[in-house]
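I am attaching a structure below and will ask some questions about it afterwards.
Order of writing sets the labels: A, B and C. Residues in every chain begin at 1.
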């Protein structure tokens, strides 16, 4: 949620864009028009890599789960060779959902509940009764519609666009920042799903600045005062466009983590530099992931629009295998603090959502502290203006 | 719900269309677009004969009931001469509903609750206070707006199009199939109203094939195995277009009816041939009625769209007067089995409704068992493509 | 709710328009089309003077309340100099609501809950942290967006159109009718908010005639029979257009007020003529206020559309300070009678709302008793037909 304070960087560091000094926030229509959301889903959510959870949610062949992307249901399944596949969750015969549960273990195939068309774990159509005399019906062409899938850092990423850059091509410079951190082995320690009455972009704008931290988050501001830290990545990079932005904030005093007390008994994650052990690193990965690396844990948010004025937010916490295996492992010190901070944010985001629907609203002005927010808004506005 | 198995007919029998061997199921838009539903209501529901219940629901003068057709409320009433009339249920003065109850008995007139404009049982405006000096106001022109009404087989049928073919002109070939069956005297033995999360056409498609019967309906499939029977009527007839389709299925072993046990103590309906005493005859009457004649009872379904993704289904069971008058008459053996089968169908129909809304859905392929379903889909698609 | 009987005026009195003798009620679309409501909000609710409550609701500096006009939230606040100001309730920074409660007392400023931008009681931006280096950012231009506000008769009136006629220019002829009545000092004695399933215009049409009073309101009709009284103001005045309409009804027998018994111990309001002490005077102020002056109290209704088929109605009762200060002051005799009458009206209005959505509805005819209703309908229809 907070990103960074935005103190001007010293010479030689990343130079921030200056949209926020001159620009106006987007028109209200971008926050309530169903046509805009339809376009955003097609342009952003269906064409970019989306993180949708951990690989270890489906450890063995036949393990599967389903997830929502806008109105779409996507099926993730590990096949007999241990590979993860992703498919639109609908039968090629009459469109029926083939996986009905949120998830399951050890399936051998997916049998459509309507007419028993059967698909293998890698999506091939292996059974379709009474179709022998149907013309031009090659079963090889009637597998479940595939969705591109890759993994990185223990996370599963999907892309609904059949062709295009790989995950590494699209997000390589982001991924490289965490080369030293053994993310693959992290263990899910808890999380929560929120239903929020705000446009998905208002959530991203909120995460992209800590200008609101003093008024809204006294607990957070005590541990990491909003004027500490710096931005170190923008969508508008000097050399071109990027698909992530963010920076870091610094702990006050001798605080060591984002917990109620500011302290933790958990060790820092392996590979953490002394510098980073005093920081929280906050990044937005376009369009909808917040990646917040704390000294002793990783927190993610994934933001899923369900209507122009509503989104579902998945918030999860990951810990090192050593910490998670400790007999007295208790992640609630971090999770509870962040639940408090989350709820503070969703409240003000909902109040902003109400106001931008006003006929009086013509857009506002950014403060000096909102370089990342303005950068995101400019990026979205430019992308929407593009010819398809 | 099941129609027939679709084994190829022997020479000389009805020849089935071949859409199902080559065609693709309709585009997803037909199942979720509100504009499509509006067009379907105007073209199908407001221009064709609709069965809306039994004559004996309103046996005496002044008896009435109201029924919904899309957003419309229609008033059915028996007048002083014993004739049944049908009217839009709204006052000609300010549009107010004139009949507020679902039904009633022995009314002498309909008095609008707002300003007391009064209508006779045959729809004439008989009272309109303070209108003497209003210009060009001839009461004879201000009766309730009439809806065409006819009866057949003990059923009331209405048609919202003021002019056009009579019921017999439109559905004569269907009606003649039951000339030997004394349908007029049948007694309502029970029924149920279902709210279903599927487009109305998905319900018709479901009723038009038994390809799903083995996976979805083990009880039904045990009594009437899905490969028995045959189709004997199509929307696309060799000589032109028809407004119904269907066929029959045959009982396995010595089963005699669709009940939990497969047996019944009820005698066959009068006029039933020995051949038909071993069959269930299933027909779809366009747009929204399923007519299922069992050896010992008649079952009907009427499907009413309430939104693109939702419909209300009225399911009723009619028995011979002799059976209904028996001291130990108990129709639950049939009604409970069909309730189980209905609920199995509504579940898979709702799962298909979800999938056809996907951006990935481009239509599917029919199996060899879905000649009637493809025939219906082709008929609807052609009708929608017609110039208005 | 009732207006007047509409007996033809004697020579020399106001001449009523004759729309009702020849015209047809508006097309059904005006009552259910969201586009029509959007236009009506822009043309009627956002361009005319709207009464939104009493001055004495915010008696002291820093007292405030918020009110809804369509989807807009408007903030009313008394400033340090005792003046009432009206503002769109949204921060100029990110659009966030600045006043969250329905009302409050003694505020010193409005601090946006999101980033603490701060506004004075007269709407000026007095605090905006971290904006010193923002370009072309003059705080004087970033106050809360103002809404025009005036007062009359102890009521607060707002107008969302920044320029245009003053309250007195727009409604002067209406206001002058009550010059003799000391409205300013009246005290709120009670009221109720209703949610009604009808288009706002159906509510106005209902208030504009007493043709429905005999069938719908036996209690009212006993006290003020519907054929008494007369209309004395129309939207279509001989000399041009007006923004109000109405008339009066007369008490039967020796009744003295609209209470359960027809009698009251409360004295007539100061300034009431002997003639008016035997009357209830009912007026519609365009677009959404009903102003009903009884001998001993004033009643108002304010009608707020929330969708094409729904509105919220605020109904309030005001009494003389002397009556309100009496130890045995009990306004329930009037309020309970009017609650009964209101609910009778909302019921028939909802039944009319249902019917005008029918495809059969082509508009109805007015009776001789509906001159004011036809006048209002014609006025609205003409306004909507205007070029913007």
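Keep in mind that, in the parts below, a residue touches a chain if its C-beta (ideal position, glycine included) is under 8 Å from a C-beta of that chain, and two chains touch if they have at least 3 such contacts.
Note that the structure is predicted; figures quoted are calculated from it, not measured.
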| item | value |
| --- | --- |
| Category of the chain touch graph - line, ring, star, complete, other | complete |
| Self-contact between copies subunit A and subunit B, residue sets same or different by half | different |
| Rotation in the CA alignment of subunit B with subunit C, degrees, nearest 5 | 120 |
| For subunit A paired with subunit B, centre-to-centre distance based on mean C-alpha positions, whole Å | 49 |
| Subunit C residues touching subunit A - in the complex, by the definition given at the top | 46, 71-73, 88-97, 100, 111, 113-116, 128-137, 142, 145 |
| Footprint of subunit C on subunit A - complex, ascending | 20-22, 25, 28, 205, 211-212, 214-216, 347-348, 351-352, 354-361, 364-369 |
